[in-house]
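In this document, chain identifiers A, B and C correspond to the written order of the chains, with residue numbering beginning at 1 in each.
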Amino acid sequence: MSERQDDKPQEGRPTGDQPAPEAPDETRSEAPATPDSDSSAAAAEAEAETKAKAAAAKAKAVAEAEARKEPWERDPAAPEWQEAESDGLVDALKSSFGEGVLAARTFAGELVLEIDRQSIREVGRSLKEEHGFTLLVDICGVHYPDRDQAPFEVVYHLYNLDQTRRIRLKVGTQEGIDVPSVVAVWKGANWPEREVYDMYGVRFAEHPDMTRILMWEGFNGHPLRKDFPVEGIDTGAAIYPEFYGDEAGPVAGTGTGWKPPEPPEDKPEEPVPDEA
Amino acid sequence: MVEFFGETLYVYAVVPFLKIIAAIVVVLTIIAYTTFAERKILGFLQVRMGPNRVGPWGLLQPIADVVKLLGKEDVIPNRAVVWAYVLAPCLVVGPALLILSVIPFGPPSSAGPASSWFITDVNVGLLLVVAIASIGVYGLLLGGWASNNKFSMMGGLRAAAQMISYEVPQGFSLVVPLLMAGTLSLVGIVEAQLTQGRWFIFGFFPFGLLAFFIYFVSGVAESNRNPFDLPEAESELVAGFHTEYSGMRFALFFLGEYANMIVISAVAVTLFLGGWLRPFPNLEWLSFLDLGFLPPGLAGFLWFLIKLLVFLFVYIWFRGTFPRYRFDQLMDLGWKWLIPAALLAVVATSIWKVALL
Amino acid sequence: MVEVDSSDLSRDTLFGVEEMEINFGPQHPATHGVLRLKLKVDGERIVDCYPVIGYLHRGTEKLFELHPFFQNVPHTDRLDYVAAATNNLAYVGAVEKLLGIVVPPRASYIRTLLSELQRISSHLLWLATHAIDIGAMTPFFYTFREREVVLDLFEEYCGARLTLNCMRPGGQPYDLPVGWVERCAEFVGGFPEKIDEYEGLLTENRIWKKRTVGIGILSPEMALDYAVTGPMLRGSGIGLDVRKAMPYEMYDQMDFDVPVFYNCDTYDRYLVRMEEMRQSVRIVQQCLEKLPEGPLMAKRPRVLKAPKEGDVYHAVEAPKGEIGFYIVGDGTPNPHRCRGRPPSFYNIQVLPEMVVGGRIADLIAVIGTTDVVLGAVDR
């Protein structure tokens, strides 16, 4: 405890290695490297040279001043996507699943794997049983209405207790195409998958209980889709059939051009067909 | 003839009637203020104030409660069995108050039954107490069943199972003072404690104490109080058998619970703690505790009252301290521990008694 | 302990066995809100249990998408409404990660301080309700006596007692008021004695032990499979604590232990939480001791704009388990998607595994031990 006292930042004394809890290291080291001397093409050389020198000196001074600043006094630099370094996990997955792993990138130091929809369950099982990702932290959906291919994304957060490592799996899908459920791998996937179905209408194949969870049975719509109106819909027709009858009553999604999807046909046992 | 008839009427009708009225009024007052004391004592135990708004120190709170309960709508659920629903609270309160008829609150008077401190002295008093006390369970069972509510139903079932189970050790434990006294009359039992010179809780040590302990534990269970308040466990069964009751009918259940507490305490005082006797009735130098300056009998009544209040305090103390048993654990305790222990006490006392002869 | 053997449900009995279906909740005193359980019971024994949630669904995740990053902090208060500070911390942590903001140390210390005080207050509330569910009424009032002091400290700091809204992306909105440090130190100095007082009422109480020891067994494998986190996982023998595993804020500077118990039952989860309160006291004391001077806000643009593409997940150890926020940015000041990973959602999912075969009274004890807050489950 007493040794830790030295780590305390003192006023006026820059401590470069101050533990920065939030930002990963690489983003901070990139921050001062922004001003680049932009010597334009053809101009008076001497002038250009002096200008460039002055600019360089100025940039240097700025960079030095910037370097003297505490990390929280600098302009925040957002992290960027990077190709994942090849570590054992990515390599092992790529070798055993090949095309199943579509991409491996990192963002803010977090490994993100894009997985082919067909192989998510096998990838999950492999991650759990061979790579120690025993904890399925979360499953959630995201809706990207601008994407033509696979506007829906199911995101899995996994955690490895031994390596204290988090990874994120992403699976793209679209309306009416089921994602293989991972309940067989992690029992805890049951409710979050139901929630994704409830909120986005993404169904999961071979899920033991594919029903709504937060909204009530018979609710007409999927609230977290981007085209779902924020003010909600009047689902009176669905709630009070005896009052409104089959045809009468307000229709879900009127005003936004959104229509409820056709319920997908039952496809017992056969694997999910590839998107056309 | 007329004089004789008048006197008989006076001794056997008018006086008992007045005594009944007095007993009920006194007991209802005690009940009202037990609820008040419960809230105050719990408040003290739980570092809060308790009721303190109605009257000085909240003393009028029970009256306000009664007024509120009387003014409430008396709801009968839609598909309830009405006759049973209405009858149930009466079945709880009635027997509890009926037992008061044989409880000796004070000593008998040499001047005759009219001026003694109890309503009547039946020579099978103890049997009467046990018999009537077991009727109370019908009220809870009927109330739970008639409400047409699953939680009430379970509460009623729990009540029935619990009260029937605990009647067995209770009955056995009552045999011990009975053996010591050799009479079933409650007055006779107290007088036996006077002649033997000790409270029966100390008789045949430690079996008197054991019997007393079993009686009191069973009594707490009989009256559905913490830690045996399973039939009305609000966190499990919402409120058990009286979930659906409101207004005065609910108040009657409430009344029945407190009346039961008082009756069980009164029987315990009579059988084990010497009824109206002062502590250590055998020690001459403690005779100042007889409070001879008071009118005859009043001192005895005061002693009885003090012991009763101690019991009521213990009831409340339990409520402030203990968590609740689970149902099967409760049954375990009753059948596997209390009944064998009670049997042991009965057998040992009998052998001891025979050996003394 | 009574052996519960579910195989004997089909036993031949003298009388017909009829199962009864009970709707347990959503309005029930022991469900801590609006949890509804469809129970199938055989007498007192639970044959089947199916939780139904969603009665408190308010569409918080939809609301997140409508508001700029700053304005979302109050929404996070309403998730786990008895532990608002840790919700705030998880959310602002995720936003800072997404934008690359570094928080100054004083703000970071204050955040650590607040989240540990929040842990104490949340555990106190848990103890109160757990005890009153099992029938012990008095601990409720004792714990509320201390919780009141914690809430007063919160009120002094940020003006609110429950929905704190006490953190901002980039740092802390206010400095500690004058005398706050002393008052806080006085409270945490006396608090361990109060914990002894609660333990005196419960820990060795025979009835308490009968009601909790061996009840609601959650094996470590089961706990991991169901993504159970927090004290429930640590009561099952797995010492996962985000504060130690992936330290955030100032937890890597703190000296504290993570209590782990191995019997997997309700009693051990109770012990875990009691010990956690003591450890929180230690952390608060260290924070107060080390609290540096300095700025409270990092340099940041007036309008926070997320990168064009990118998503982050940031988790903290809430009193009930790991609460994490997954934020997807799309180059606008609003999050494209903001998902709160509520610990209670996963902790309550495992409930049927823990109660089937037990009694109704065990169900009450187990619901209490999951420490569920339906505001977080339903969002």
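Everything that follows uses one rule, which is that a residue touches a chain if its C-beta (ideal position, glycine included) is under 8 Å from a C-beta of that chain, and two chains touch if they have at least 3 such contacts.
Nothing here was measured: the structure is a model prediction, and the numbers come from that model.
When C-beta pairs in contact are tallied for every pair of chains, the largest tally goes to A-C. Overall, the chain located most centrally, as judged by its C-alpha mean against the mean of all protein C-alpha atoms, is C. Each chain gets one centre point, the mean of its Cα atoms, and the points for chain A and chain C are 25 Å apart.
For the pair chain B and chain C, the distance between mean C-alpha positions equals 45 Å. The geometric centre of chain A is 67 Å away from that of chain B, both derived from CA atoms. Chain B has no residue in contact with two or more other chains. Of all residues in chain A, none touches 2 or more other chains. Interface of chain A with chain C (complex): residues 1, 4-5, 7-9, 11, 18-23, 27-28, 70-81, 107-108, 110, 112, 134-138, 140, 142-144, 155, 157, 161, 164, 166, 168, 186-188, 190-192, 199, 212-216, 223-224, 228, 230, 232. The part of chain B that touches chain C in the complex is made up of residues 42, 45-48, 150-151, 154, 157-158, 226-227, 229-230, 233-238, 319-329, 332.
The part of chain C that touches chain A in the complex is made up of residues 53-54, 57, 59, 61-62, 66, 93, 96-105, 108, 171, 222, 224-229, 238, 240, 245-250, 252-253, 255, 286, 290, 292-295, 298-301, 306-307, 309-313, 315, 322, 324, 326, 328, 336-337, 339, 341, 345-346, 349-350, 378-379. Every residue of chain C that touches chain B in the complex is listed here, in rising order: 2, 20, 22, 28-30, 43-44, 131-138, 140-142, 145, 201-202, 205, 207-208, 210-211, 359-362, 364.
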